[in-house]
Amino acid sequence: MHNWTQFNHQGILASAGEDAYALIERLYPLCRSITGAGTRQTLDIIGQQIELDRSEVPTGTKVFDWIVPKEWTIRDAYIISPQGEKICNFKEHNLHITGYSTPVNETLNKEELLPHLHSLPKYPKWIPYTYNYHSEDWGFSISDEQLHSLPEGDYKVVIDSDLKHGHLSYGEHLIPGHSEQEFLIYSHICHPSLCNDNLSGIAVATELAKFLKNSAPLNYSYRFVFAPTTIGSITWLSKNQDKLANIKAGLVIAVAGDAGQLTYKKSRNDDSYINNLAISALETREMPFGIEEFTPFGYDERQFCSPGIDLPIGRLTRTPNGCYPEYHTSADDLNLVKPKYLADTMDACLDIIELFENNQTFRNTQPFGEPHLGRHGLYKKAGAYNIQNNTFAILWVLNQTDGTKSLLDIAQRSKLAYSEILNASKALYDVNLLELID
Amino acid sequence: MHNWTQFNHQGILASAGEDAYALIERLYPLCRSITGAGTRQTLDIIGQQIELDRSEVPTGTKVFDWIVPKEWTIRDAYIISPQGEKICNFKEHNLHITGYSTPVNETLNKEELLPHLHSLPKYPKWIPYTYNYHSEDWGFSISDEQLHSLPEGDYKVVIDSDLKHGHLSYGEHLIPGHSEQEFLIYSHICHPSLCNDNLSGIAVATELAKFLKNSAPLNYSYRFVFAPTTIGSITWLSKNQDKLANIKAGLVIAVAGDAGQLTYKKSRNDDSYINNLAISALETREMPFGIEEFTPFGYDERQFCSPGIDLPIGRLTRTPNGCYPEYHTSADDLNLVKPKYLADTMDACLDIIELFENNQTFRNTQPFGEPHLGRHGLYKKAGAYNIQNNTFAILWVLNQTDGTKSLLDIAQRSKLAYSEILNASKALYDVNLLELID
Amino acid sequence: MHNWTQFNHQGILASAGEDAYALIERLYPLCRSITGAGTRQTLDIIGQQIELDRSEVPTGTKVFDWIVPKEWTIRDAYIISPQGEKICNFKEHNLHITGYSTPVNETLNKEELLPHLHSLPKYPKWIPYTYNYHSEDWGFSISDEQLHSLPEGDYKVVIDSDLKHGHLSYGEHLIPGHSEQEFLIYSHICHPSLCNDNLSGIAVATELAKFLKNSAPLNYSYRFVFAPTTIGSITWLSKNQDKLANIKAGLVIAVAGDAGQLTYKKSRNDDSYINNLAISALETREMPFGIEEFTPFGYDERQFCSPGIDLPIGRLTRTPNGCYPEYHTSADDLNLVKPKYLADTMDACLDIIELFENNQTFRNTQPFGEPHLGRHGLYKKAGAYNIQNNTFAILWVLNQTDGTKSLLDIAQRSKLAYSEILNASKALYDVNLLELID
């Protein structure tokens, strides 16, 4: 018997939004990077919500064109000003330290120090997020206001870090469904204390996983990957090449908690399945949303949509990365994200997934002429004036189920609501006028 | 030698319209249904105009998902009012009886009677057309005005009918042409005293058959089917599955005599041959006409366009079914249809058929460079200023006849009138610069 | 090592325009026709600029559907008026004689003479260009002004010509490149003293050949054909059928020296390679230009785009044939064409050819995820705020080089300038991240 998936998620959305926000609050203080303790602690905390299959890939491992980098440990970092004030204190805000900074313990004059300090003149009170994975160097982020108030004199710089052979960490959660074909959800976990980018994506994905786990039976399988951006998805892809053929659609979820409207970014192939699914589901919600054309910049969709991988994986955000002023600054904090926006992103994901679950292809078992609907109990009233409300949908489904069109295709051709096509299909399936094409 | 079909039909249209109207006048009084004597008498009268190959399919025959129903005989039906007045008298207007009503002979009070009476509040003077093929029951149609004047009291109800094992009747007329490939014309014959729907379609099809019979030689064969709607086309399709591969194009003709503009309803596949033919021919007439997208509701195009059949068969009407107020009421009478509109529908059909006859695919026999038109007698004058009028059409035909494009394709690419392309093709064929691809 | 072609042609354009104009001045006085001494002398003069491979095809040779005509020799032609004045003097202007006129030496009265005289009432001072290849006859062209001043009386008509077995002449110049695949440039040489049509095309093609000869190494080969229109291209095609498969793109160049904007006429197949190349290159020039849809009328594109040949060859003109008043008249003289317009046409041709040279298809050698740009020296700065200017182009090229898309395809998809895509491709090729698909 066919499973028609119907999520009853309206009732749980408010509490799921609160739970997601609570998870963000727990994760916010940790100093994450592409490797290291903060990332591992982040996976520990996610793992308290949903069972995680953890991987640790050693430094030096070749993953496609990349090599897993050394693991970065940061214990403390600060500068003592000429007046003896402790500034750029890592323990006050982890954005003060440039990611992957090498250890330092020396005294510099202001002129020597300045090239190592990064600020944002446009937003003088905010600390920018900086990192440097490409050379061995060190740096601090500082508000532009404070930068301009620094006196001449000697500065003592302390960075208690090391960059050693270690591991890159990621975690996965698989919810098996009737089919081995998968929907992949990917969230990056490498950013330090930044709430929207991307604790929001992590929290929405975690809540989605909890919800789907409780929604069995599912027609398809769902895989959640929590890993650092770029090197994380490259590593995961490199280690899981045998699984890629099963991925029918997927989403990178990020920047999921701000007040902006939802934005779907298309996958590389303009007519990919995920593009049709996501845009159709978002249209059905009858709320404004944006569509971005594919570009090879952004988050991990860059890797999923590289030419040798080329998966039907799009990206769902609210305001896209780089399009809100707080992006990659200390202002991306617990005030920028709200439970209701997290809940709204989760709602949209569930709409996309519910469409994915049910958008199967059926074949009309009586394709020669129309079936005798009356005999099948589907046409009860007499006379042309009494056509039943859903008879139009029934006739469209019967007419189009030639084995090449999914229910979404039929909704698009008939210009009827997908829900009407779905209901008609259920009625027809119940009387064996439709059969599923596997 | 290739046959270029050219109908000289302008001269005969007026008299064909009159003949069609006269046929409607003869058929109007008969009480047709999907089976029974009225339908058989209708085929008798058509058979006096064109030779009909008649079929009688027994009740109980399985036709695809359907079963041929019992045959319905109606001899008399009326109600005696409390004042002794005979109302809803079948012999005064056969729309008074609901099609397929079971026999009755009993007395009911007004309250018991009312559920069996059907009226049209929006048009209080008109009797609606009602039928009930889906359950064994009875009913009468009555004007809303009269319905509201009925007094309390006892009503004697008489329906002298029976529903017995019998046959479903249909008739066919085939005009063979050079090719076994066919153009199908289908008209439904199951409606009682309703002129536009569909005595008009029957009459136009009959006149078309008479005209084509006299227009030999024809390149293609033409099959006319006169049968009840839905169960009739399903039965015909079920009995003629071996003939379907020969059908290259076709039309359901109905609602062909009112004052509205012509409306072409597309077949299921948007780029089907009949869609291109019909729309191109209607455009050439330079009179306003409508185009309807395919939907799986309407007349017998539903069956011809079911997924297992999927033939290139569209529908030609004037005002579409359901879009004029008199539709399925006693007001669809001899005043609604006019000879000139019947003639106009027939003219449009002949334009479509003439295009079909000639729209063949030729191959340029000298495809390497242009042929030397002068040597073939096709380029007579000297100098660039003296290019012949039809030289543009000749050059387009030569350029495009690579064996993949029909004459209509060439007209569409060149933006020249189809008639110019046709004339150029005749000239080129005459000097063996074109050969027909069969 | 891959050759990236880059023409440094801006510096030489002015002198190339002057050289082209000087060539036109030398060729202008000659009386060309589709055969004969004038055509042969024209090839001699071109041959002094670029080495020509000459062909002489005998009268009577079958070339596809055509037969090479007799060779026409014209030595003198004039009329002595009743007043003894020598008019329509061939030695004053070779347009006075209708091409292919048979010899005459007789005296006619005005009424007998008039059918042999051709004038242009719309431009009463100009002599029209007339010819008659289709029947053996004679004629003169005359200004309309002079025609209307002719008195009654006897006219002595002298045409010292003959029409004898001879040859059709054409010349070719091939510049070999790395690949045997060719770009074809065709210019017709059969028009008498008409500068824009087509001494301008001949001169631009000659200058192009000189320039390309000095631009080795070239990725592709370039073939220049100088031959009469229609019968010339048909003859060349007929004699070179084994070479056609190598032609990847090409242009008919004509009417190349007037003040009008450039006009590209598309080849037969709307999505042909030359159409994409030429339109893209012309767009990049940021000067207004016209696009004409393909029609089977015009110059030798008619033959290259006949259905049996069907090559990706378009046409480049300035004001198209027939669209300027001086077309095919004595006013198409040395004043109508200017060095700067000849130079501009040549510049456009070089833009098209440079695009052709470089628009190859590469394959990303690290297609699984993005390559690690830093490791390859292509991503130098840290942090999202410091993305290099050309990183967008680099990422687009890497993303799209799946082996099915040329550099031009990538520019079109990314909406980046072709030059940026080209530069990014060079950078990627240099570090072996791209390989050429041959």
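Chains: A, B and C, in written order; residue numbering restarts at 1 for each.
What we mean here is this: contacts are C-beta pairs under 8 Å (C-beta built on N, C-alpha and C of every residue); 3 or more make two chains touch, one makes a residue touch a chain.
All figures in this text were calculated on a predicted structure; none of them were measured in a lab.
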Homomeric contact subunit B-subunit C: same or different residue positions, threshold half: different
Angular offset of subunit A relative to subunit B [C-alpha, multiple of 5 degrees]: 120
Distance from the mean Cα position of subunit C to that of subunit B, given in whole angstrom: 56
Subunit C residues counted as touching two or more neighbouring chains: none
Complex contacts: residues of subunit B adjacent to subunit A: 63-67, 98, 118, 128, 130-135, 137, 139, 230, 233-234, 237-238, 268, 295-297, 302-303, 305-310, 322, 328
Subunit B residues within the subunit C interface of the complex: 364, 366-372, 374-375, 379-385, 392, 395-396, 398-402, 414
